[in-house]
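Listed after this line are the structures, all set down as C-alpha cells.
Two complexes are shown next, each including subunit A; its partner changes from subunit B in the first to subunit C in the second.
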Partner chain A sequence: MLFEQLLIVGIITGSVYSLVGVGFTLVLGVGRVANFAHGSFVAVGLYLALFASETLGLNAYEAFVPAIILFALIGIAVAELFEWRGRKVGEIGELLIGLALLLLIGGLLEVLFSDTPRTINGLVLGHVDIAGLTISGTQLVAVAFTLVTAVSLYLFLRGSRWGRALRAVAENGEAAGLYGVRVPVARRAAVTISIVVAGAAGIVISPFTVLTPDVGSTYLISAFAVVIVGGIGNALGAVLAGIGIGIVTSLSSGYLASYWTSLAPLIVILIVLLVRPGLSEAV
Partner chain B sequence: MTRLRFSAPAWRWIALAVFFVLGWLVIGALPAAPVSVIVLALFYGAAGSSFNLLYGALGIFSLAQPVFVAVGGYTSSYLYVRYGISPWIGLLAGMACAAILAVPIGFVAMRRPGTVVTALVTLIISEAATPILSAITPLGGSIGLYIPVKSGTDWGALQFATGVPFARLFLALNVLIVAGLMGFGRSRAGLWTAAIKDSADAASATGVPVLRMRLSIFIASAMIAAVPGVLFAQYNLLVNADLFLGSAVLFQLLVVALVGGSARPWGALVGALVMTELSQYLSNAAGDRPGIGPLTFAAAFLVMALAMPRGISGTWARFVSARQARAGGGDDREPPDTRDHHEGNVAPLARGPSRDSAETETPTP
Partner chain C sequence: MQRLAVGAATASLALVATACGSSGGGNSSGGSGQAKTPSTVTLGEITDLSGVASFYGIPENHGAEIAVDQINAAGGIKSLGGSKLAIKTFDTASNPDNGQTEATAAVGDHVAAVFGGEISDTVLAGINVTQRAGTPWVDVGGTADEIHERGYNTVFMVDHDSTQFASEWLSVAQAAAQKLGISNPTEAIAYSESSYGDELYQAWNKAAQGTGLKTVTSFGYPLTTTDFSSVAARLAASNADIILNMGYPADGLALAKLFATQSKPKAKIVMLAGSDAGAVTGQLASQADGALMIGDIAPGVKGLPASFTTFDHDYQAKYHSAPDSQSMAGYVAVRFIAAALEKAKSDSPSAVATALHSVTLTQTTGNIYPDPTTLSFASDGALANAPFYAAQITGGTGKLVWPTDAAETTIAAYGR
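The block that comes next holds the complex of A and B.
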C-alpha cells in the first residue's frame, strides 16, 4: 500500500521536474546556453497565478492563456538579450545574463510579494482516490499537461520542418547554417519555447505548490539534474529522467531517514555520471 | 587568439605591495563595522580568485568552489574541536583534503570538455554537499561545529579579540593569491594552459598534457579555495552548511568573480571589494523594506553585466591594449572583439616566458 502511494506521489512530483527540464534541455541542445534563470520563470508563473487569483479573481486555468501570451513576449525579449550578448561577448555574456535575471527575478518577487511562503486557495477540481491516496484534480491536470507538452514537443522536433531545423542546429550549428537554416532564429525560438513551457509549468502547478521567491533556484537545480540523467537536448529523455528522479525522491522519503530524501536523487545522478561515458546529445 | 593575461612587469609587483601596505594600515584605522564588511569582501575575493583561476586559465566554469571552501573550514574545525590541533596545521590538512576530493570531482566534471557540462556536474556536486554534510554525524550534522572560544588573542588557536587581525590575514591571503596568479601567468604551466584554452586539440598535438593540466589546475584551485574556508570558520567560530554552501553563497561568489573578471589576477579581489561594499551600501540605503537590498544588488549586477561583460579587469585590459595599440602602432593587430571567442587557431608555444608586456599580442603565425 505504502509503495503504491509513494510511487504515485513520485510520478506527480516527477512530472513537474520533467516539465521544467524539457525546456531547459532544449535550450542547452540548440542554443548551447545554460540559462541560469530557467527555474525563475517557473517562479514567475507561480506568482502570476497568485496575482491572478488574489487581485483579478481568476483561477489558474482562466489565467492560463493570457499568461502564455505574456510568457511568449518575455521569452522573445530574453532570447533577444541572449542573442545580442552571445554575439558580442560569447558564452560568458549569456551566463552573466542568466545569472543576473535569476537574481533580479528573485529580488523582484520578494519585494512584490514578500518572502513569506504562500499558497493559492480556491481552485478545486474534485479528487480521485487511488490506493488509499487522495489525488486532487489539479495534480492530475499537471501530469496530463506534462505528457501532452512532452509528446507534442517531441512530435514537433521529429516531424515538422521547424523541428528538424532545431535538431540540425543542435547537432552542428555551422553545418546547419550552411544548409540554409537561420541559426540565430532557431536559437531564439528554442529560448522562447523553453520560457513559455517553464511559465506554463508554473501556472499549472500553482494550485498545489507552496510559493516562495527563491523557488526558482530549486527548479533550476532539478532542471540540471534532469538534463544530466536524460541527456542534453533529449526531450523524451528529460521526461523519463524527471519522473525517475521524482520516484526516487518519493521512495527515499518513505523508506529512508529524512536526510536521505534530498541525497538519494543526487546519488543516482552521480552514479549516472560515473557510469555513462558522456552525456548524449541527441534531440 | 585567447591569451591569459596573468603576466606582469615589475611595476605591477610594486603596485601590489603598495596595495598590501595601504590595506594593512587602513584596516587598522577603521571601526568594527566596516572591518566586518571588509572581512566578508576579502573572503569572497579569495574564493572568487579560485574560480577565476579555473575560468580564466582554462575556461572551466566550476560551480563546485563553495564545496572546497567548506572542506577547508570543516577539516580545520573538526581537527581543532575533536583533537585540539591548531588551525594552522588544520589549514594544511584542509588544503590536502580539498586536493584529494578535487581529483574525482575534477575527473567527472572535465572528462567531457565543454563549459555547460562542467557547470551542470559541478552545480549538482555543490547541491549534494549540503545533504551529505548533514548526514555525517561527527561533523555535527545539520547544526555544524562550534569552535570553543578562547579569551583574547591566541595566534596558535587563530582566535582574536577583534576582527582586525582576520581582515589583515585575509588581505595577506588575497595578496598572496594575486601574486601567485601573476607568477603563474609567466610560468611554463601558465603558457600551457593558454595553449589549451586556445585549442585543446592543437595543444595536445604539440605535446601539452591536456587532461593532466586541467586536473592539476582544478586541484590547485580547490586548494586555494580551502584557505579562506579555514579563516572564515575561525572568524565566525563555527562551521555549518549555511555558512559555506547554499545557492546564496554560490551566487555571491559567482557575482564577485564575474564582476571582477578573469582577465587580470586582481579581478576577483576588486570585484569582491566593489560588490560587497555596494551591497552593504544599498541595503543600508534601502532601509527595512524586505527584498529591496537583494533587488538593487541584482539590478547593479545586471548593469555591470551589460556594461562590462568581461568584468572590471577585462574592461581594463581592453582599455590598456587599445592605448598601447595607439601608442605602439600595429602590435595589437587583432581586433579586441574576437579576444574571448574560441577560434581554434594554434597557440604559439614558441612564445618565450621572457616576454615582458602582457598586452602585446603576437600575431598568429
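The block that comes next holds the complex of A and C.
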C-alpha cells in the first residue's frame, strides 16, 4: 500500500516539477537565458493566489485569468530587461539580472507577506480515494494543467508559424535571422511565455502548497533537474522528466534514509548525463 | 619639523591612551571608586529577525520590548539609580553562520548582556565569542543540550532544552495513551535532520527506554524539505498508535494539512512537537483538529498570575496580536537580566553573568508563567524547571491539555 501511495504522491509532486520545468526549458532553449528568477515567478503566483483569497475573496481559479494577464505584462517587462542588459554586457549581464530578480522577489514577498509559512484553505473541488490516499480535485487539476500546457506548447512549437520561428532561433539564431526571423522578438516571446507558465503554475498549485517567500529557490533547482533530464527546449521531455524525478524523490524518501532522498534525483541526473551527454533537443 | 612630528605623535598616543582608558566593559562609567550610574543600559538581542526563523524571532523581540517598557515605566534599574534599559538588535537572518559575527558585533558594542536566538546552531556559534568576552548570553529559543553542556559559565537558557522537551512530550504521549486506553503503544517518528531535530530524537529515545513504547518506523528528513507528501504517507502507512514529528513550524503546518486532506492516518495520537498551536490554527483552523502541539498561554488559563494578564494586555495594545511561547520567553529573558542588573548593582557584563547564577523570578518579579511559580537557573545555566505547555487543536482552537493542573480540556483521540 505504501508503494502505491508514494507512487501517486510522486506523480503529483512530479507534475508540479514538470509544470515549472516546461517554462524553464523554453526560456533556456529559445531565449538562451538561464533565468535564475524562474522559480521566483512560481512563488509570485502562489502569493498572488494568497492575496486574492485573503483580500479579494477570490479562489485560485477565479483569480487565474487576471493573474495570467498580469504575468504576461511582467513577462514582457522582464524580457525587455534581459534583452537590454544582454545587448550591453552579454550573457553574464543576463545571469546577474536573473540573480537580482531572485533576491528582489524573495525579499519583496518577505516584506509584504512576512516569513510565516502560509496555506490557502477552502478550495478542494472534491476528492478521490486511491490506495488509501485522498487526492483532492485541485491536485488532479494541477496534473491535468501540466499535461495540457505541455501538449499545447509542443503543438504550438511544432505546428504554428510562430513556433517554427522559435525553433529556428533555438537551433541557430544567426541563421534564423538571415531568413527573416526577428530573433530578439522570438527571445522576448520565449521569456514572456515562460514567466506566464511559471506564474500560472503557482496559481494552480496554491491550494495544496505551503507558501514561504524562499520557495522559488526550491522550484528553480527542480526546474534545472527537469531540464537536464528532459533536454533543453523539450516540453514533453520536461513532463516525463518532472514526473520521473518526482517518483524517484517520493520513493526514496519513503523507503530510504534521508541522505538518499537528496541524492537519488542527483544520481538520476548523473546517469542521464552519462548516457546522453548532449543536453539540447530539437524544440 | 622632526620635533613637531614627534610632538604630534606623542599627543596622539596620549589621546589614544585616554580613549582606551575610558572604554571599559558595558556602558558603565564606573568600576570601583567613583562609580557613575549609566543613564541607559544597552542589552544586545541576537536573534532571527528575518528569514525562516523570524517566525519565532520577531515575537521574541516583541516580548522583550514589553519587558523593557514595563521596567522603564517602573523607574528602570533602581540599584543603578534608575538606569533605563534599551535593546540593540543584531539580526542573524536565520543563518547560523551569522551567530559568530553578530556576537562579535554585540561584544564590540559593549552591551551589558546578550539574549535571544531561535536556532541552536546560531547560539552555539555565538556563545564561543561571548564566553571569551565574559558577556552573559541568555538563550531564548535554542534548545540543544549542548548549549549549556559546554560548561560555559556565562550561558543561560530560558526555554527548555532537548532533554526537558523530550521528557515533557513523552509524558504527554503516555498520558494520552492511558486516557485513550492504548496499552503498549506503537510510534512512528519523523524528525528534521538538524541539531535541533537530531538532539530531540536522541533525547526522546533515551527518555522512552523502558516505557513500553515500540517504534515501528523512525526516519529523518532533510532540513530543506518543502514537500512533505511522502513523509506524511510514510508516517500514515506505519499504522502506529502515535505519530510524532520533531520538526520546525513549517513542517508541522504542512503535515497537519496533509494528514487532514490526503494521508488521513489511523493513529490515535498525533504530536507535532515543534509547531505552535496558535500559529497552525491561524492557518488551518479545524483542519488541524486533534493534533497535539506546543500550547500558547492565553487569558482564561487556570492559575495565571496577574503579571501575565498585564503582559498580555501591554503586548496586545502595542502589537495588536496575541503573544506566543517565544514572546513569553523573550520577556522572561529580559526580566532575568534586569534582576541580575539589580543584584549586581553594575552593568559590567561579568558582574551581570555572576548575578544571573543566583537570581530568581517570582510571579511578582517577572515570571509570567502559571507553572512553575518561580524560575531560576541550574548550576549549568539551564532553566531548573522549564515551563512546558501542550495543546490539542479542538474546533480550530488550541486548548491546553498539559500540564494537567492548567488543562482546559482532556486529550481526545486524533481524527475522531
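Note that in this section the second predicted complex is superposed on the first by the 283 of 283 C-alpha atoms of A that agree within 3 Å, B and C clash if a C-alpha of one lies under 4 Å from a C-alpha of the other, contacts with A are read in each partner's own complex, and residues count from 1 in each chain.
Heads up, the rule we're going with is that a residue touches a chain if its C-beta (ideal position, glycine included) is under 8 Å from a C-beta of that chain, and two chains touch if they have at least 3 such contacts.
Please read these numbers as outputs of a predicted model, since none were measured by experiment.
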| item | value |
| --- | --- |
| Which of subunit B and subunit C A:D115 touches, first, second, both or neither | both |
| Contacts of A:D214 with subunit B and subunit C, given as first, second, both or neither | both |
| Greater subunit A contact set [subunit C / subunit B] | B |
| First (subunit B), second (subunit C), both or neither touched by A:T249 | second |
| Touched partner set for A:I92, first subunit B, second subunit C, both or neither | first |
| First (subunit B), second (subunit C), both or neither touched by A:T13 | second |
| Subunit B versus subunit C as contact partner of A:Q5, first or second or both or neither | second |
| First, second, both or neither for A:L266, with subunit B first and subunit C second | first |
| Touching partner for A:L133 - first (subunit B), second (subunit C), both, neither | second |
| Overlap of subunit C and subunit B interfaces on subunit A (superposed complexes) | 110, 114-115, 214, 259, 262 |
| Residues of subunit A that touch subunit C when the two form their complex | 1-2, 5-6, 9-10, 12-13, 110, 114-119, 121, 124, 127, 132-136, 208, 210, 212, 214-215, 218, 249-250, 253-254, 257-259, 261-262 |
| Contact footprint of subunit A on subunit B as seen in their complex | 61, 108, 111-112, 115-117, 119-121, 123-125, 127-128, 130-132, 134-135, 141-142, 247, 251, 254-255, 258, 289-292, 294-299, 301-302, 305-306, 309-310, 337, 340-342 |
| Residue ranges of subunit A in contact with subunit B within the complex | 28, 32, 34, 85, 88-93, 95-97, 99-104, 106-111, 114-115, 213-214, 217, 221, 224-225, 227-228, 232, 259-260, 262-263, 266-267, 269-270, 273-274, 278-279 |
| Touching residues (chain side subunit C, partner subunit A) in the complex | 50-52, 54-55, 94, 193, 219-222, 224-231, 233-234, 236-237, 249-250, 253-254, 257, 261-264, 279, 283-285, 287 |
